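Both complexes shown next keep subunit A, but they swap its partner, so subunit B is in the first and subunit C is in the second.
For the complex of A and B:
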C-alpha cells in the first residue's frame, strides 16, 4: 500500500510537552524541528531531548522526521551524529540549493552508520527547497540520493529571497510549487508543500490545500493539530470518484475478457491515463482507510 | 566528567523539568527535588538522576530539580544538557551512545 504523507506535523524540538504528545493527533508524519524553532542557546538541549524521545517513546507507527540544522552552521554535524543513532525514519535537510547539499549529508550519514554499526541506508532523507537556486536545481536535488523520499517547499525563506511576501492567492509561489512537484514526479519521489501559518484562517487554509492537491502535491507541513483533519478530508477520494474508478477497472476486465484492445465506458474511450488515475484513486481510498473490495481492483 | 560551573537546562512548562547542576566538591551527588508528582514518582526521578550521573561519570554535583511532570527520558535529556553545560563541554560524545 502506498505510504500516505498528507500531513507532517511540525513540532518545535525543545518543547517537551509537544514532543511527548506529537503522535496523538494522527498526522501521517511528525517532524521534530531542531532548526528555526530552537534558539541558538538551546540547540544542545533540544538535540538531547529529541534523541531521548526517539530512543524511548513509542510513536505508534507514525513516521518520524527530524529537521536538522544546515551543515553551514555549528550545529548540523552534531545533529546528524545524534540522529543517526536516534534513528528517526527520515532526516530532513533544510535549505537545499544543489545536489551537493544532499550528497554531503548523505556521506556523513553513511560514515556515521558505519561507525555506529548500523545497517547502511536505513535512514531516509527529505530535502526542503527554500531559495531560488534550489527551485532552479529541483530535479538534480530530487535525484541526488537513493535515500531521498521527498522534496518540500519552504515558502517563507523563498518569498523573502524573491523580494516578495506571502499573498492569499499564492501566485508568488506558483512557479516554485510547479517546479518542485514536477521535479518530484520526474524523480518518482514525494512532493510536499509549505506551511500555512495563519492557523485561525480556516477558509484560506482549505483553499490552499485544494490548490496543492490540484497541482499534484502529496501533502503539506502543518503547524497545528487543527490543520490535520481538513487536509485528510480533502485528500480522501469522494465516493463518486471511487465508484467511477471501480467502473473503469471493471471495464478493463470486461475488455480483456472479450479480447478487445479498446476500452469504453458510457460510450467514451478509456485510455491509459484514465486507468492510471482510477488505480491511484483506489490506492488512495484504501490507504485512507476506506473499504474497497479487493476483487474490484 | 567534572562539574566546574553551574549549568541549567529545561523549562518550567508542563511535561518539562528545569535542572540546575552545580559544583559540590568531594561531597558526592546531592539532589534537591521539587516535583508536582513527588509523592508518586520521587523515588523514580532520583533513580533516573543517579543512573545518568553514573553514565556521565560525575561523582560530585548538587542537582536541583524543578519537575513539572516530565517523562524519564525528558529528565535524562535535561540533566545531560545541564551536566555538559556545567562541565563546560560543548559536544556530546555521540560515538559512545
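For the complex of A and C:
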C-alpha cells in the first residue's frame, strides 16, 4: 500500500515533553525541527535530544522526519552526522533552491553512512522549497536524488521574497503550489503543502486543506495536533467513493478469476488510472479508521 | 380527671391512651411559636442571631462535640475558618470536624489542630498545606477519608453524629428557607449540606443575603433550622465558581476525550435514554462535546446527567439532548444559573446521589461515568488522593460511588503525567477498587478490565488502540522509568473508608 503523508506534525526539537509524545496524535509523519523553532543557543541540546529520542523511544510505526539546519549554517553538517546515526526515516532539507542543494546533502549522508557502517540509501530525503528560485527549479530539485521522497512548499519565506504576504484565499502562492505539485507528480514523488499558522481559525484551515486536496497535494505540514483530525477528515473518502472502489477491486478479482485481461464495470472499461484511484481511495479509507472489509467483496 | 388550661375535665388515662397529657396553654409545649399572637406592630418571628459567637453558644456547643460544614463554596469558603476562629476564642476544644470536604481555602485549620480545637477529622478530601500537615503526621488521630455517598451513609446511620452543623448559604429568609442559586455568593446545588440540615442536632445557617419570607424554592427548609446569622460575606465569589467551564485546548486532553467518547459510542450503553456523569477535568469535559455531536448524528437523547453539573451539561440540557439534570454540586456559573432557571435541573442531596444504604441512590441508575485518576494499577485500582510523593492532595469524592454504581466506568488519564507513569504495579492508595473499574483511556492506548469481556469484544470491532493494562504500564515505564519507592513512617495518618463503611486502605506518614 502507498504510504500516506496527509499530515506531518511539526515538533520543536528542543521540547522534550512534546518530543516524547509526538506520535500519539497519529499524524502520518512527525517532523522534529532542529531549524527555525530552535534558537541558536539551543542547537546542540536539541540535536542531542532528538538523537536520543530516536534511538530510545518507540514511535510505533509513525514516520519520523528531522528538519536539519541548512549547510550554509554552522549546524547543518553536525545535524546530518548525528541524524544519520540516529536513523530517522527521513531528513528534511530546508530552503532548497537547486538540485545541487540536494546532492550536497546526499553526498554527506552517503559518506556518513559508510563511516558509521550503515547500509547505504536507507535514509530518505525530503526538500522544502521556500524561495522563487526553488519554485522555478522545482522539477530538477524533485529529480535530484533517488533518496528524495517528496518536496514541500514553505510559504512564509516564499511570499516575503515575492514582495507579498499570505492572504486568506492563497492566490499569492497558487503558482508555487501548482509548480511544486506538478513537479512532484512528474518526478513520481510526494507533494506537501505549507503550514497554516492561525491554529484557532478552524474554518480558514479547513478551506485551505480542501483547496490543496483539490490541487492534488498528498498532505500538509501541521503545527498543532488539533490540525490533524480536520486534514484526515477531509482526506477521508466519502462512502460512495469507497463503495465504488470496492466494486472496482471486485471487478479486478473477477477478471483475474476468469483469466480475462479486460476489466469492465457497469459496462465501462476499467483502466489503470481508475484502478490506481480505487486503490488510493481504499488506502485512505483504511488509514482514516474506516473499516473496509475486503473479505466481504 | 384533671382540669386543663382550657378549664375542661380531662381523664389522665383511658384504654389505649394510658398517658394522657392535659392541655397546658397554646405556647407551653411549642417554644418556637410566637407568644405575641394578636399583638400588632411587633417584629415578625425570626431565628436571627446577631453573631456567630452567640449562635455557637445558643447551639450548646461543648468540648468533644461534632461540628459539620459543606464544601459548596469550594476554594472561596469563608465559613469554616470564620466559625473555627470563634469556637477557638470561646475556648471550646477537642472537637470532631465532619466536613463534606476540605479545600485550599482551609489552610488556617492547621492552627486549630495545633491548638487542640479540632482533634478528629472526617472529610472527602485534603489538599495544599493542610494535606501536607496531615501527611507529615501532625495529628494524633488519623483522618477518615470518606466518599460522598459514604458520608451520607455515615450521617444517616448515626456513625457520624453531628451536634452542630454550620451551613453557609447564599440566600435565606429569617426563618431558614435557603437556597444556593441566589445572592452574590451563589454556588448552585446545596446537595451536601442537605444531609447535614436533615440529620444534625442543631443547624446554624450563615448567610450574606437575607431575603423576604418565604425564600422558595428552597434547598434547606425552615423546619430544619435552629439559628441564622447574617454576615458580610460567606465566601469569595471568584473561588466559589468560575464562569463557564472552558473547553480545553490541550491536544492531549482532546485526544483522550475523543478516545473516551469512541469507547462510549461502541460500548453498547450509548442508546436513547442513556445516562451519564462526567468529571470536571479537561478530558472529561471535552468528551461531552463529542457526545453531543454523536447524539445529534444518531438522533438519540440522554435521560439524565448526574453529579457535578457543568456548563457543557447545561448546554446539552437546554438543547434538549439531556432530558433531566440531577445535581449534587454545580461546577460553574452556568450550572448555578441553570439550577435556578431550568425546571428539570433538579438539586439532589448527597444521599440521593450516592448513599449505598438508602432505599435507592442515583448512581445505581447511571449507565456511564467518566472519571479521572492520579494513578491506576494493573489490577485497575485507582488512586485519586495521594500524589507521587505520597502526600494527601486530592479527594475521594464520588469516585468509588459512581464507579460501582454505573454500568460502564471509564477512567481517563494521560499515560505519563509530568515525569511519572500513571499506570503502575500498585497504586499508592486505593480509593476505588479495580473490580469496579471497566476501561482505562489514555493518550497512548486503551485497556479494558478483563472482567468486562463484553466491552472488550465490542471495542475489538473498532479501530481504537487496545492494549492490556500491563502493556500500557510497560509503555509508560519505557519512557518514564520506574520511580524509587516512597518511604513512609509506621504512623497511619488517614484511613480510607470505602462507601460501605469498611476500610479499604490506609495512608502513612511520609518520611521527611
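Everything below uses one rule, namely that the second predicted complex is superposed on the first by the 247 of 297 C-alpha atoms of A that agree within 3 Å, B and C clash if a C-alpha of one lies under 4 Å from a C-alpha of the other, contacts with A are read in each partner's own complex, and residues count from 1 in each chain.
The working rule: contacts are C-beta pairs under 8 Å (C-beta built on N, C-alpha and C of every residue); 3 or more make two chains touch, one makes a residue touch a chain.
The structure displayed is predicted, hence computed values, not measured ones.
**Student:** After lining up the shared chain so the two structures overlap, which partner does A:25 touch, if you call subunit B first and subunit C second: first, second, both or neither?
**Tutor:** A:25: touches subunit C, not subunit B.
**Student:** Which holds for A:276: it touches subunit B only (first), subunit C only (second), both, or neither?
**Tutor:** Neither subunit B nor subunit C is touched by A:276.
**Student:** According to the stated criteria, A:225 is in contact with first (subunit B), second (subunit C), both, or neither; which is it?
**Tutor:** It touches subunit C, and subunit B stays clear.
**Student:** May I ask you to decide whether A:57 touches subunit B, subunit C, both, or neither, giving the answer as first, second, both or neither?
**Tutor:** In the superposition, A:57 contacts both subunit B and subunit C.
**Student:** With both structures fitted on chain A, tell me whether subunit B or subunit C touches more of subunit A's residues.
**Tutor:** Answer, by number of touched residues of subunit A: B.
**Student:** Of the two partner chains, subunit B (first) and subunit C (second), which one does A:254 touch, if any: first, second, both, or neither?
**Tutor:** So A:254 meets neither subunit B nor subunit C here.
**Student:** Tell me which partner A:238 touches in the superposition: subunit B (first), subunit C (second), both or neither.
**Tutor:** A:238: touches no partner chain.
**Student:** Based on the A-chain superposition described above, do subunit B and subunit C contact any of the same residues on subunit A, and if so which?
**Tutor:** Shared contact residues on subunit A (touching subunit B in one complex, subunit C in the other): 20-21, 57.
**Student:** Over in the complex, which subunit C residues touch subunit A? Could you list them?
**Tutor:** 249, 251-252, 254-255, 258, 416, 443-444, 461, 463, 475, 478-479
**Student:** Could you list, by residue number, the parts of subunit A that touch subunit B in their complex?
**Tutor:** 14-17, 19-21, 44-45, 47-49, 51-53, 55-57, 78, 81-82, 85, 115-116
**Student:** Tell me, which parts of subunit B touch subunit A in their complex?
**Tutor:** 9-11, 13-17, 70-74, 76-78, 80-81, 84-85, 90-92, 94-95, 97
**Student:** Give every residue of subunit A touching subunit C within the complex, in rising order.
**Tutor:** So the residues of subunit A in touch with subunit C come to 20-21, 24-25, 57-58, 224-226, 229, 289, 291.
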